[in-house]
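I have placed the structure first, in the form of structure tokens, so that the comments after it can refer back to it.
Labels run A, B, C and D following the written order; every chain starts at residue 1.
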């Protein structure tokens, strides 16, 4: 039943995506970023399959050693294998990043939609969000970690909560501006109910900016985790993260800079890639930029 | 205008109230006992209990909250549970290093970032643009403390140009202040420059596409005038906004930088207080920084009307 | 109709464009945006460049100014000679020196073309700062002089004003003052009056003519409006898709167009003569509006603002199958009325009855089932369809809300697409795959799918080129005949109103100043404001579609 | 609430928050800019001899009675003096006072030496000493024991203090001469009147240094200046005893959050002294001619593990023994310190290098552990797999390794370990909780003690079998209590050693706590600092600063 023209039209989205870099004149940066990120993600994901040591295994006789056959990147202050810790740390750091991004975007979307829709709730919600915004996020995060103990979830939670108001504001502003769009007014005229308009017309508009925001949150979460670890309010060292590997390593910065260099490099590369991809996504999704390109 | 400011100030009240309640509850629900910290390693549970009672920590929460708020209204931020000195004098002692460093950082950042952003927007899609953008993405991607350590390693240890750490009040010795403040400020500025340069570029790109820029060019004015006289002022509102919201970022940077460079500012005071559960200090600091954040953003909102005559309140 | 009859025999050209070709930057294979354009303008001559959107008019003017966006467009061939210098050979600095001194430009949108954060006096003075060295006092004097010349009132005050403190007309006068202060040989005016109301447009056109006569400036005037062409042109150039179609002195072109495209373009211009009256069988009223009033911005706590009456005491009635036009300039309150009737905003007082049902006072939820009786088509075809939805999904949204079966709704959607003249496969496509006119058809189909009694068309053809405008108007007319819908047609364009309305209601500052049959309002206006509006309509004495004077037909 | 606190609050109110801040505004940036070129700022300081020292922690609490924190004790040694003090042979010597003991060993008479002055100019009287001792006696566990048998403690005249006991208490002089954790510092009687649970807020002492109150920033820096009127004893300084001769004008303690920064600051002569250098970082200092790294405190620290006696599995002595068998001091110390020059495997609960040292019962600990034996012992103990809640502090480097190493060893032996990370402050709070481990309590944690804090049964906080009154872990151990009483009654060092051996054997038999070995903490100083005396407490008398 499929006519050739239909087949082409089905393929079109795919073709559009494939030709995106060329059409947007993106240059090579985002492509490299994507490849780097993919490598980091895969390497972290499959880390348990190939790491030479248990990242927690202590070797008291081989502390702070340089690279060797047994320890490809050397060992840390506990005699644990740096290589294994860095790749396993990547798993956790990425998990924190993605987790924080998903949770804050998810919660922010719901709260933002509610706020954009229920005018009465809006005032209250926005005051609470303003208050949360006003509290410096790092202090809030330290306090939250202190509250819940340095478990993975409490760190994610501590990173997420300060991000939520930003997401809520974003969603709300998209909802409020989209409400003025003629096609939304047309939908009102067509008798669509408010929840339906909200979900079918307005919510999809938030997805693009939320995707962009999500990448930034993901990047910043990985970074904030490192800072929390640095300040002594991070995840326990039993769960290696790039952040706490660096935080532990900073004591030995001058005698073993590699302890900071490797996790720092991975972290920076990873965040760099995510940010670059986020920028690219934003450029692609920003209608104003699009207009200018046209 | 006055009415607007008045309304904005009124709107601050619920925000600060929520912050106050939130922070208070957050801390009191936190496991952690200042008494245990005061008493040290060898204390017994009975001794801890006595200290708790004497600190008022065994009163019911609402009573503790009411006491705190009552004192707040009298301008009294309380007494540090740990050091037994007044919180306001602790803050007063330690706020100046932070303010001096922060102000210097902002000045430095704006001076660096705005021209960078303008240049990048002007030379959109050229190597200049890519260089500025790469820097600004990089600035976001490296943890502050790593930047700090790199600076220390390079400028203090290898080159021996600048001191490793510390702080001297500018009133005491301005040259010394500068020499000690430069590395922390540069460290702090990295992320701030990245942020402002990005926003300047984006905002300039938008403005440069506007009709009046074309009009200016049609008049035959030079590019410098187009960029800095016509475009920049129009692009300034989002740049100012980001400087305001970036204040939060600055705070988190300050907390870390003060640790790396050993600056006796309020950032470290707060972190130490949180780790030591020094409730009055934490409450005062979070309240103060929140109020400062709100106030700075209020100031920035009001300053919009100076930049853009269309904005009137 | 009095056309310009100046002769330019023997006068040397100020600007000659020879075989100008402009292509996409870095994409030499693509079809050029301008393809071998050549023309000349002589001193004192007004050359009108006309064409529909995308014909390359503005690109031509920007190329002449050297202001093409470098990243998108580049000149690939030809010459632009100003007197004897080829502008394309100049470097950036030399070109900057040329601008404002030898050639200058006025843009379409005077609000955005002026720097919003700079006082207008300084913006004019900046031209002097850039190009001449005279004392500050002299500069100010020259600025005030030129401001007087463009007939700005109270020049000292306006000198210190910001653009947003001025009216649209005043801003455009500032733009003209800025363009002419150094008395350039060539003025390029790119749709300078399109964003203005007709009465203001008239003033600006005569100002340009006046200054041109005074300084002997050559004017390259870009417009899509044939009325304006008839008013001001000496010579006309018709453009289509980056190529010149026809060039002729204005009268020749309007009386005796040679090319098919020109003829089509002219024929699409709606006539100011009202459509023949339709017989008025006594039919039931589809929409009755009584004493409608909308007040914005009441003073609240700590806010002390004067409330604005956007609409006051508006009453009318539209019988089934008839069209009522509301005309007026911007800010007259016509759109407010439309939005109140649609209940997109809540009227402050008054009654809106669709058939016998009072909808002005119904609650949101109670109103929803009755929405299908009254539908709307918006001005901007690019924003009135959800870009993420297929056409089919947009078309069935309303019927599904009314509880219709999805299959049946889709079938009906296909029929509707055929009805509005679109292919059936359009149903699976997305809005961006259609042109503006096609999208407006889809929007109409979407409204019609609800089988409404009343259709509100809010400037529904204003954003479209005349040829497309013509088709959409015809479509509305057809639909009305087939379905018997009552149409409330909101427009600022008297020509359009004349073509489609049975009755016309003229609004000014929120009030109805005249309400009568189209023939009476347009043919025999009573209210001075209506008279002024008609008076200001450019080319109002010319019957473009028939290439002759209007009164010739009645004579 | 109590008077001192209120007084401070009132002052704060008077001052107001903002006036305090605005006053200092004058000395902010603007003033700084004005002064910039003049060089006024440095002129006055050039002639002063100032030692800038980085201590192991910031000073926040200033009451040496309310807390046992080392930094507070160190601070107290700067500004206060003590009646008697211990020298490098662990022998008590007169400091402020000489003493005589009556023949029935029930009356101790102390005589204050001449020239003792408080920093406010008032002479030190016996009444001040009485008040100070009484306040201390409410808090210090050794003091409590003495006051349990005290008949009276009173000032006979300005110089003479008489302490009458109900029964002889042999270790009295040792107890008041101890240098850790709570030595009885002598304060003015008015200050000592502060209730023992309320922190004092006065800084008036009679020690060799005066506290510079205006330069005190809690947690950041504290400055002491030489107390010109202080009269040192004529004997040479030896540990806490002897003449406290001050040879510098000022000593400034600054806190640095990170040892790396301190080391760099020391290398670039920004500071003169660093109290604790992580052993791993010593190589950075090696190349420098201007900095010396050395061990000043010959005893060092003992690192220990403590179990909770109230809840399974460690309420069962067999399980405790199995756990101890699994642990190896070498592994713990190797991981914690690394360089064997700076650690010592030592099974003595009273610390090696002390008079009472004995290693009975610690064989598995000092010989690399016995995992197989531990497995077997655990199997026989009836351990049912109950989770061991192990508290791991994440923010204190000197106790971060022990939990990690121990968790691994215990898991190897068959324990089910739940290592819960937390910051140290959470840990100190939580260890005070007697709740079930699953409800906010705990089973096992680690900490460190300075050896002088644990070197006798009287002061060792762990060796207390009084149940709920005992240190965290709350063992109820009448036998231990009996042995301690016996130790108190012992009169000669030989008798004391004999009892101490019994206590050592008993402690390890019931696994009162697990000594995990001893380590030394090197300090670093600029070579300009000379004549620094060895001492377990970092003291700043005797030391000279060369130009």
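The rule we apply is simple: a residue touches a chain if its C-beta (ideal position, glycine included) is under 8 Å from a C-beta of that chain, and two chains touch if they have at least 3 such contacts.
Chain identities (UniProt): A, B = Probable ABC transporter, permease protein; C = Probable ABC transporter, ATP-binding protein; D = Probable ABC transporter, periplasmic binding protein.
Small disclaimer: the values here were computed from a predicted structure and weren't measured.
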Per-chain C-alpha mean nearest global C-alpha mean belongs to chain B
Busiest interface, counting C-beta pairs, is B-D
At what distance in angstrom does the C-alpha mean of subunit C lie from that of subunit A? 46
Distance in whole angstrom between the CA centres of subunit A and subunit B is 23
Calculate how many whole Å lie between the centre of subunit C and the centre of subunit D, each centre taken as the average of the chain's C-alpha atoms. 86
Among the residues of subunit D, which are close enough to touch at least two other chains? 258, 264, 395, 423, 425-426
Shared-contact residues (touching 2 or more other chains) in subunit C: none
Multi-chain contact residues (two or more partners), subunit B: 31-32, 125, 157, 259, 275, 277
Within the complex, which stretch of subunit C touches subunit B? 65, 67, 71, 92, 96-101, 104-105, 107, 109, 112-118, 126-127, 129-131, 162, 164, 175, 178-179, 302-304
Show me the residue ranges of subunit B that touch subunit A in the complex, using the header's touch definition. 14-16, 18-19, 22-23, 26-27, 29-32, 125, 130, 133, 137-138, 140-146, 149, 153, 157, 205-206, 209, 248, 251-252, 255-256, 259, 270-271, 274-275, 277, 282, 285-286, 289-291, 293-294
Listed in rising order, the residues of subunit A that touch subunit D in the complex are 56-58, 60-61, 63-64, 77-79, 146, 149-151, 232-238, 250-255
Subunit B residues touching subunit D - in the complex, by the definition given at the top: 31-33, 36-48, 50-51, 53-54, 56, 71, 74-80, 82-96, 99-100, 103, 152, 156-157, 160, 163-166, 169-177, 259-262, 264, 268-269, 272, 275-277
Of all residues in subunit A, which touch subunit C in the complex? 5-6, 9, 181-183, 185-194, 196, 201, 204, 293
